[in-house]
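A, B, C, D, E, F, G, H, I and J are the chain letters, set down in written order, and residue numbers restart from 1 in every chain.
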């Protein structure tokens, strides 16, 4: 069983059994966005969580070590996403990416926002009476550093 | 003068004169991220702001209507960004994009986070004593809707 | 069962049973273009409609929750379509896309025509005695707006 | 002078002089969308119209035969457009292209909507109190036909 | 059964049974190039012809409606063909495409050679004692026309 | 002066002076399609013809050896052409390329139609009262041959 | 059975049975490079040779007509090869391709080295005591020729 | 002056002055293919040779250190060459690349033909009375070797 | 069994049985990085090692000659890697590749670092109290050399 | 002046004046690889160093703030490098990238080698009497970490 097969099994079993992502995250006691990403093949699950998920979703036993292994990450089927929900995030990158780069440098110095020591949150706000999706990227600032010996 | 030429003139004049992006945003009284994106060629400037910027940065008069026109948006020179600071945002999309899609649908229904009725903020947080860059995407939820006549 | 497999099953079962798209749209009481797109994998079906379709087309029960889930959208196998019927729409975009952009901005302001709060219609006209295909894109105008807090 | 240089001159002179596309279309007495596309380099102008435009926009005399020649068409700088206003049209093609193909075949037979014997219109509608952009593609139906000798 | 599967079945059954394309074209009484393209998945077959082909090539009954449906056209696995026999046609396009464009415009006006109201023929000629392949593209001239209402 | 610069000079000088391609072909006594392709940068001109063309079009003397040198061939700015007039030829290749390959092999054996020992003609026909563009590819058949020593 | 399946069967059966390519070439009495290319799916085998190969490698009978048919040629899975042994040939093309073009034209005139009337040989040489691979491309010179009628 | 500018100057000056590549190779006493590649920007010239070439071709003095520096190699403007003379070499790679890989491994072991310790020759042969271009790749065999410490 | 299938079998069997790469390298007495690469499909295994691995991982007997054959190398599914761990190596190449080229030439002369006579090591270092990954590329310097006859 | 123009000026002035990269690194007292990368446009220079470099290389005063600004990083003109010296590093990534990923995870856990807190060194070794290039990547291990609030 490959990780892609394990992911496909999770996706269809979740729909068939009617679990929400929130219920699966609660079941293993891990943050919601992290759990969803992990179950979509982007993070290894702790072995115990892998076993719980396999049980809940009736996955075969051989899925457990596969879910617990570090996966080959990168979840988009094409370099530029075609799905409109995901595309809007890419569009924001096209329109605001260079501005964010300038401001990270102006406010923090030469470096990057880590995508490894990093968390994402999804929330909700209201502006002018309309419901807004709020997505927060929160990553450690890593200054460019050339280690001395 | 094309918009690309106007952007290049802004970029090099800003460096030569030593303005921060914050100073330019303050000068025209507009939000910081919005201003930086606009000056990098992604939004039209109100005519008055265009005149102020042209004055501050010694741009020729013909730049003013160019800066005030709606630009052809999209600021990345390649579909996948090569600059590490910008790439990390793309990487977050590769790793978390499908998870964000699932959760927008689970929490808001079938639809998207608008990138048009939308704002971005950049801020700062501390976790475990380390400085973090916090980027907030805040866009109106737009449900898929097939208008009745 | 993945959504792609469900779509393939719909496509071949429809041909084998000889249903028109119009008949399927009538069966579930939804607009014709919307239904065709949904059955080709681009929209979730309401659970009841999914059940009706599964029955009409003899799809297995497990297809129902798959059809009712929000799909990963984007229905073209290549970025530039090779099929001549679809290509003509892409060609119109190549030839008239920049003009439409200019005129949306001139007539509505800085913003976009939504593809989410949006409907498409296909009809028929006659010019100089020849039959014409008339396709209408009708999307809400969304002005660029940077929400104040 | 190449056609690309002529287009660039039109774009910047129009902004500098403050003409709307509608005014330019009125000046030469041609439809609005057609005129905008032609001035953006997608159609030849009749020689008289080319002369009028050159005069209005202060283009050099050598621009006239260039504007009157059939151009190399195709106005997008990348195969997938990055500008959000244009992208939405591409997105509609990704989501609804295959459905439109099926329905053209179901309602008209095997063939295409011509993009040559073709016009585009942009208009306005209101649904649920919201302003909508309405774009109409109107092209002759061309049935696949293998001419007998 | 998908159309791709039907095409694959035709290709291997034809080889196994030793039919020439000419024999298959004669069997259904249709032009040779048209028939070959149709059997390679590029045109719908009239239902009766589909039945005849299915019988001759021992295809399952479910192939008949698939062969009779309008296919998703475009028969090259890569945008630039790698097969030398097909590549020479692409090379001719690279070397002579712009010249043909200029001459279509000079001799017929602004418009295109239709690829829909169109036929192709393959024949033979002798020049300087050498056998030549002669391929004739014969398509209706379609002038650019913006229909008046 | 590069060949690209020489081609650009020919293109704009031809328009300014109002020559047809036919007139230029007649001036040097060479076939029409060949001459057009050569002047668009795809074939070397015999030195005398290069001189005649340079004189007719007021090109600088240094253009003559450039026009007489073998060029780097390939005249399309993108692998898939965007111009509709040229695209139709590419579309014919997508739809009929595999069929032409099969028929070249069936009628001539394993080999190719040469694009080197090759000529192209453009003509006119009438079918059902409509004017047709007829393009003839005529290339030597080259059988695959593994030379013995 | 498709040609790709036949090739895959040859590749794994050859390894399992321990034949060298030389032994297979000897078995059918054809040149070594030609045979290896043909068995990797690039040339049709004469029917008798196809039968011999099928017997030696235990291929099913239905493989014989497939091996004897003209294949769709082009054996690289990506446009730029990733395998280092094959890449070096591509690198030579990148570094020396334009030089070879200039010298073919200087020494032979305007034309090409045929890849159809063509053979390849692989041999061995010693320079400065080191073993060298020597690959010889030997193709008929084809001068550009526009046939007179 | 960049190396690309130096190459362009060499190309046009060579044509204007009427030198053959052979004459330039003789002038600096280096092999013909090597010299042509070097002058097309693929190898550094020894400083003395650079001076000789600069003198012969009237290049400015600042060209000498540029020609003597190691260039950024890779001479094709697109990954797949469009020029027919160069394309035939790429086609040979597509058709025979995998076979050459197998035979290098069968005859020499696991390794590659070096493209660094490497020479190319162009010559002439006659088969069946026809003139052939013969191109010889001659590169050191480099076996895969994992150095022990 | 193809090499890709053999690799997939190794990957999932290793996870199911809980072997580390180090244990597999120790089992066959070969360097760690080399063994991991070989088992991921990048090097042939000596036949005895192939048998040992097949036994340890319960692979079918037919895997042995497949593992012992020279593979088609190149282990990344896309030209630009999407996995963050691998991407950082590509990013280093984007940022430092041109500098490494300059310094190889300055310190060693015109040539390359071989990737064939080459080894890679992975180790550990501490700088400022933080654990660092140290990857060492060690390849023979190969000077550009044009062999004399 | 853009950063690309500044880099081009550095490259040609360095050649004209005959400085080595080592001399420039010594002049500003910074590590060799870092300095070379910075002068090739990949790192900002401290303002004082920028002034020193501008003086040594006769760059205009306006170059100083440009060199001191954080650049848009990514120094390869194509996604897959064509230059052989740089390509070998990409090839190592193709062949060993997946293995390095597995071993980083086996030896350090789930995470990456930073390319930001990172240094590169180039050195020399001898194996079996042959000179080797040794390139050391040394980056902080960053474990995947989802910060708790």
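Here is the rule we go by: contacts are C-beta pairs under 8 Å (C-beta built on N, C-alpha and C of every residue); 3 or more make two chains touch, one makes a residue touch a chain.
Because the structure is predicted, anything quoted here is derived from the model rather than measured.
Q: Matching over half of the contact pairs by residue number, can you pick out the copy of the G-H interface from D-E, D-F or I-J?
A: Repeat of the G-H interface: I-J.
Q: Cα centroid separation between chain D and chain J, in whole Å?
A: Here chain D and chain J have centroids separated by 46 Å.
Q: Measuring centre to centre with CA averages, how many angstrom lie between chain A and chain C?
A: 29
Q: At least two partner chains per residue is the criterion; list those residues in chain I.
A: 72-74, 76, 79-85, 91, 94-95, 98, 101, 105, 111-112, 114-118, 127, 132, 138, 140, 147
Q: Throw together a list of every chain pair that touches.
A: Applying the touch criterion to every chain pair yields A-B, A-C, A-D, A-I, A-J, B-C, B-D, B-I, B-J, C-D, C-E, C-F, D-E, D-F, E-F, E-G, E-H, F-G, F-H, G-H, G-I, G-J, H-I, H-J, I-J.
Q: Which residues of chain F touch chain H in the complex?
A: Residues 1-2, 62, 65-66, 69, 72-74, 76, 79, 115-116, 147-149 of chain F touch chain H in their complex.
Q: Which residues of chain E touch chain D in their complex?
A: Chain E residues touching chain D: 31, 34, 43-44, 70, 72, 98, 101, 105, 110-112, 114, 116-119, 138, 140, 142-147.
Q: Considering the complex alone, what residue numbers of chain G touch chain H?
A: Its residues touching chain H are 20-22, 32-33, 36-37, 40, 42, 73-76, 79-81, 83-86, 88-108, 111-115, 117-118, 120, 122, 124-125, 127, 130-141.
Q: Given the complex with chain G, which residues does chain J contribute to the contact?
A: Those in contact with chain G are residues 80, 82, 84, 87, 91, 94-95.
Q: Can you tell me which positions in chain J touch chain H when the two form their complex?
A: So the residues of chain J touching chain H come out as 8, 11-12, 15-16, 18, 77-78, 80-85, 127-128, 132.
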